[in-house]
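Everything on this sheet refers to the single structure shown next.
For reference, chains read A, B, C, D and E in written order, and residue numbers begin at 1 within each chain.
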Amino acid sequence: MMKELKEKIVQRIKANFADAAEKNDFNYNRLDFTVKKETIPSILFYLKDEMGFIHLSDANCVDWLEEGELELVFIVWSPKDKIKIFVRTRLDRDNPVMDNLDMIWPQLNTYEREFREMFGVQVTGLEAPDEFILEDWQGPPPFRRDFDTAAYAEKTFWERPGREDAQDVRETIANRDGEEIPDFAKKYSR
Amino acid sequence: MEKVLLDILGAIVTFLVAFVVGMTYGGLNRKITARVQNRKGPPWYQNFIDAYKLSSKKSAIHHGVMHHLGPAFLMVTSVMTLLIVPVLSHNNWFPNLNFQGDLIFLLYIMTFGPLGMALGAGQTGNPNSAIGVTRGLSMMVGFEIPWVLALVALMIQYHTTSITGLMAVQAHSGTWLMFSSPFAFIAAVMALFGMFRYSPFDIVGAPTELASGPIAETGGKYLFVMMSSGSVFTFAKLTLYVDLFLGGADNLFILIIKTFALYLIPLLYSLVSPRYRTEQAIRWFWGWPSFFGLLAILQAIIF
Amino acid sequence: MVNDKNSQKIVDFIQNWARKHSIWVLAYGTGCGAIEIPPTMTSRYDAERLGVRGAATPRQADVLLITGYLTVKTLKRVIRVYEQMQDPKYVIGFGSCTINGGMYYDSYNTIKVLDKYLPVDVYINGCMPRPEAVLSGFARLQKRIAEGRANGAQQYKDNLEWYRANQKKIIPNWIMPEYNW
Amino acid sequence: MSFFDLNGTLKPLTALKQFGKKPHTISYPKESKEAAPRYRGLHFNDLDECIGCGNCSMICQNAAIDMIHIDGIEGKKGDSGLRPRIDNGRCCWCALCVEVCPTGSLSLTKDYLYVSEDPDSFLWTPGKDNPNGKEQISFFSTEETSLNVFNRVPMPELEGKERVKSFAEVVLGYSEAEARAEASRCISCGLCTEVCPEHMHIPEYINAIATGNDADAVRIIYDNNPLPEMCGKVCTRRCEDVCAIASRGEALAIRWLKRYATETAATAEITREIVNPEIREANGKTVGIIGAGPSGLTAAYYLALRGYDVTIYEANAKAGGATMYGIPKYRFPIDSLDKQIDYIKSIGVKILFNTKVGKDISFKEIYDKFDAVFMGVGFPDAWPLGVDGDDAKGSMQAFRFLYMINSGEKVDVGDKVVVVGGGNVAIDAARVSRRLGADVTILYRRRVKDMPADWEEIEGAEDEGVHIVPQGIPIKIHKDEKGHVKAVEYLKAKMVPDERGGRPKPVAIEGSNTVIEATSVMAAIGQMGDYSFLPEEFTDKIKIERGRFVVNEKQQTGDPKVFAGGDAVNRTADAISAIADGFRACKAIDEMLGKK
Amino acid sequence: MEKKFLILQKNTQDKMREKATTLYIGPQHPGITGNMMVKVQVEGDTIVRARTEVGYLHRAFEKLQERRNWLQSFTLLCRFCVPEPDPVEESYARAVELLEGREVPERAKYIRVLMLELARMGSYMLWYGGQSGSLGLYTIGQWTVGDRNYILDLFEELTGGRVYHMYIWPGGVRRDLPEGFADKVLRTMDYFEKRLKDYDDLMFENTIFQKRTQGVGVIPKEKAVEWGVVGPVLRGCGIKSDIRIDDPYEVYDKLDFIVPTHEGGDIWSRALVRRQEIRQSIRIIRQVIENMPSGEYYNRIPNPFKWTLPKGDAYARTEATRGEVAMYIVSDGSIHPRRTHFRGAAYVHGITLLEKILIGENVADISAIMNSLGVCPPEIER
């Protein structure tokens, strides 16, 4: 039942959007489509207006630092079919630009503000105040993988002194018995 | 000369009694509220501690002369009201400055305080205060109507404009006005809700809406003055009602019983009521209370 | 009345006693700790027994409860609020994160050490501190007030420059009125 | 909304009836409700039970736990001597530290009040700051709830009946999935490295296995052990005794994991490829090594890596020493040893076989030829039983027996074998005899639990049908008319507690004489050295005491040029200690010669 | 920076209408439902423009989780939304289980439902306080928030914490039910059934309460889903939507309960829906206690230090009192999450929806509307 429904959805999407690559091997009510960035508005419009996926459950961004890409994931839900569809696309990490989509779902406005602030995604046509969550933030977009929050926190804020006498267990033992841990092994130390 | 001195001394005593009783009522209010809310609540003297603490705040900033004077206005109003209202009948210790027509004067003086307060609050620049003041004035427009109607009814019915006159009527006839002019009493009690600004008519200082409204920028000594003037005013108002409708009181004990009984009405109702919006409140006052006020006038004219 | 030392002592004693039994807490839930404030204030634990009650605005409040972590954005408001409060004023650090960052020790957006920015009177440990802990925090503050040691406002005034430097270090856009009372 | 809603005005007034009810307020601090039996309050740590593994500080996602030194707590084997200290300004009382504590010493208490004016006072050393916390413990972890995985992945083995049929390797080794699962039990505390004589980098290589980097694991293992496959099969693994997990569960199978890692490198060439050791340029210095046992091979391998020209003189036809000749092949197959010897040879170590020093070449010659000499001569001889009738035919030393079997000689043991002793050699001899088809009885002076042999070995022996007679002291070997062993007579013993606190002593019970029939008797009560190769001119410098060379901490004998290691030096007399000796000697030699 | 700020200020000033007064509700304001701000422009008492400002509680959980391993990040979860942390834990646990394919024992599922429904009740008790407090009826708040302690006591008994339970974790639940716990739950339910009558008399029967809530903060039914309205708020618009039914998890499909809806879309209907849901929760809890199977309560995870999840992503949704909350996790096969994302109902309700429906309302109702939407700022900013 569910399987047929999913198959039908896949076919319909494939017929309308040639570049949609599906992933349909979930054993629960989920479908994935990966599309080009340009297709995002039209596929979301289509899903919402034509196929009954009227509820935008979530939208978020994943930083794939190693691959130089940002992935946008939109999760839509159809109250009728009881299926959630993940629509994914990838943006160039160095120049992430996406179109404003808040005419599809007004709440996307908020998500886009967060993308802009936290991931540095530029949203063309977004009308919203510049700042969303952060205030007077001067660093890089903080949710990007290359932003090291611990280092930033250490640099910016004080830490209460008094804990300097902490010792590392492994080191203590190694010092006591004269073990020399080679450098290449150290990455496996805890 | 001695009489004047005695009067001044008596006035001070009156003030002190009013302060203590008003504060205690506040404390009892908190205690009763607590019990209805299933909790133990603060001790009955908690309000005194609060007041003393406020008065001993080391700093109290103000936003200008009017803001500085606002509490003083209130205090003056309270004291004046108190002095006009006869506290006990036939007692030298509690003199009153009543005169023919004091009832009408009272109507004016009672609005004087809030106006001064309004000027002060306006100077703070806090929009919450400004809105609170607007609301307070609007609501005054609301509850003044039944209140005035009730008083006018009494004046028409008993052909006197002085409080002592009305007290004399009661003493003479032996019935309290609340029985002889019930509609006026009902209208006046309903107006009392508005005067006390307890829920559902706490729209002026509504914390969840206006962050305590006009007094938002007031702290320390200013708040102390306002708090004590409020207590004094409470006492004065209640005594006025007792004088007008409950036949006055011969001694303090009876006065306290009567005033407290009266005080319980808005207090208990406040515990079970959410707050009205401003326009709803005004509509409420212009509804049933004014209707009863009109009835009272009708009664006064017919009888 | 002669304003000698002894009478001053008595006055202080009475004033401190009053201050101790009338603690108005500013209703500002700066962090997740705000969730244990309602139970503390309501019928089951009823902090009003001890004279602790809420105050709607900083002008009327005696105690600023820092209920947990402070983000930089909130810190700015908290400083403003603190400065609006009237002397004597007290600060209670509520929860672990006010002491040394708590579980947000590596977050880029929360401060770790509260007493660098505001003078703190009492710390309550816990995450969350239970209402009992909150009440004993108030009890400790009362003790401190009674002993006349709760003079954070004076401390703040005396070391204003130091506090300001710390505050300005993490708040880049500093637009605040001068603190002069 | 009606014109006047009477119900809506009056109904709420019923709330006023609450006025008469008793408030449910808890008048804290006058009265207080006790925290729940599971409340997560302040920490408590049983300082005696804690082994300072630091697992709590690792799981703490708030970085709230420091491991610190506390006065009065000294580190010892299996205990780092550090104890956790909680920064209560960080803690969020999630109690994950409790869930991962392997000993269960850390727990949370019902006590939660901690109010202070001093922000610096929130460092909390559980156990020290609340010595009475034990009574208040509320949130603790049991074996059931703990997040440590206490159950070892079982090692696949041959069936007991199957085993006795041949000398095939009993232990089959972990599959990849099993190894990953077993390795991922490790909490990486490193307590084990201290008791390992060689201080292998155990947490590191286990972690490498757990994360799927077998090659890295092999490289880490070869960092200080050139015979890891041997260790992976027959090591006495003292590391597993102190394993933190073992305090409440089964110790990590460190030995098996090492075995797994080294077996991923199937041949010497692949090993060479994976380890890819850095071999320094030849420095022209030479080192001579006597004995190709574990210590000698270790010294040779690491010296060769450091650019020395190393030659080993081995009396036997094969390298490996006691591991070759003393350990039965069902435990340590010969291929496996050959692979490692090949690898060591591939580094450039020269081994001269069948060259017995003192016979084929004199010690003096070696001494003069090389810049330094290392002696890893081991204990080639065994102690005889030393009871009446010891000279009977069929009475032999277990060690000799194993030597003969391992050299491929046929030994006739008859059908009833009695092995005297409780060490690994005794068990080995017993199990080998089983494979030769004999009924085997092990006679041991103390109780089974006192046996120095590995419990796995004892269990394996029992599985194979070896009969163990504990608390039996042999007093006589009966001979038949041909002078062959007929029976063994022994006395039963009772255990008498030692007054000085040592382990209980067996004391023979007079008149409890028992006789068991036997066709062979094997004594496995210890080995001894043979130092006849040393000419007299050296013996005054190279001192021998109690049958062992006297060396300093650098394995150096009285003669600065001569180093020694292995069974002939250390008392533990196991392979890993020998390897450790060899490694230490290598470093000392390098240091000595490098200076010149 | 200074300049930037001035320009910003000027721009906003330009946009302001001349007659309008700007009111800042929050962040320090007794009427706000947490640490956030609503900037409203009012003409008289009517709101003409509303802007929310959030970020006062941003702790960057999602960033912090990337630095913690899969188990460690679990402890952060309950701080996402403090009044009702369990649905967040549930979402995370289920997302991890979905990604890993880990089975959960039946008993654990029942215990989870028990937990979630208790949490729902606790959260509604707090909501009672907030909703009535925002309208000036403090007595209800004192009752319900005080009574909520009885639920918190149950939590304390079961999990060891009053507010932060950290109880539902991947693989099941952390501890089994303590002895006699079921009886205690049932007794508490009896107590609440009795008390609900009191609450009704004081709150729902109250004319003034009805006057204050009916027709206020209306969400148009036809727009509701599109605007991202979820949970009781959506049901208050007359649309039957509940993840417990639509996308059932744990054992909700085996339980008998009703999803109450109410036409109207105003504060009143939302309040009624919530009120009815408390009854349903009590019903569910009774069923759960009755049907709870015995057996395992936890499918043990491997050593947390070396616990990796397969590559991929998972998304698990849970019905909380505020509506749909969900956790999206991405794994790159390491011991740390690649990214986690928490979807809170307030993220939509508290920003776009609030800004929309506040327009045309009275300033006096801001607090009541926010409470009725279940705006929970920590959930927005995370």
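Odds and ends about this structure:
Here, contacts are C-beta pairs under 8 Å (C-beta built on N, C-alpha and C of every residue); 3 or more make two chains touch, one makes a residue touch a chain.
Because the structure is a prediction, the values reported are computed rather than measured.
Here the chain-to-chain distance from chain B to chain E, counted in touching steps, is 1.
Both chain A and chain C are touched by D, E. The remaining chains, with chain A left out and nothing else moved, touch as one piece. When every chain is reduced to the mean of its CA atoms, the largest separation from chain E belongs to D. Compare each chain's C-alpha centroid with the centroid of every protein C-alpha atom shown, and the nearest one belongs to E. Compared with chain C, the chain whose C-alpha mean position is the greatest distance off is D. Our note on geometry: chain C versus chain E, Cα centroid distance of 29 Å, whole angstroms. Chain C and chain D, compared by their mean Cα positions, are separated by 57 Å. Chain A and chain E have CA centres that are 23 Å apart. Look at where the CA atoms of chain A average out and do the same for chain D: the two points lie 47 Å apart. Counting only residues that touch two or more partner chains, chain E has 1, 29-30, 55, 58, 60, 63-64, 67, 75-76, 139, 142-143, 146, 161, 164, 202, 206, 208, 211, 305. Residues of chain B in contact with two or more other chains: 34, 36-41, 207, 211, 271-273.
Counting partner chains per residue, chain A shows two or more touched chains at residues 134-136, 138, 142, 147, 149-150, 160, 190. Every pair of chains meeting the contact definition is listed here: A-C, A-D, A-E, B-C, B-D, B-E, C-D, C-E, D-E.
Residues of chain C touching chain B in their complex: 14-15, 18-19, 21-22, 24, 27, 42-44, 46, 48-51, 53-54, 56-62, 85-88, 153, 181. Residues 52-54, 57-58, 66-69, 75, 80-82, 85, 87, 89, 119-120, 123, 187-191, 193-194, 199, 201, 203-205, 207-208, 211, 213, 216, 219-220, 223 of chain D touch chain A in their complex. Residues 33, 36-39, 127-128, 130-131, 199-200, 202-203, 206-209, 211, 271-280 of chain B are the ones that touch chain E when the two sit in their complex. Contacts from chain B toward chain C in the complex involve residues 30, 34, 37-42, 46, 49-50, 52-54, 56-61, 207, 211-212, 215-220, 223.
If you check the complex, the residues on chain C that touch chain A are 72-73, 76, 99-101, 105-113, 116, 169-173.
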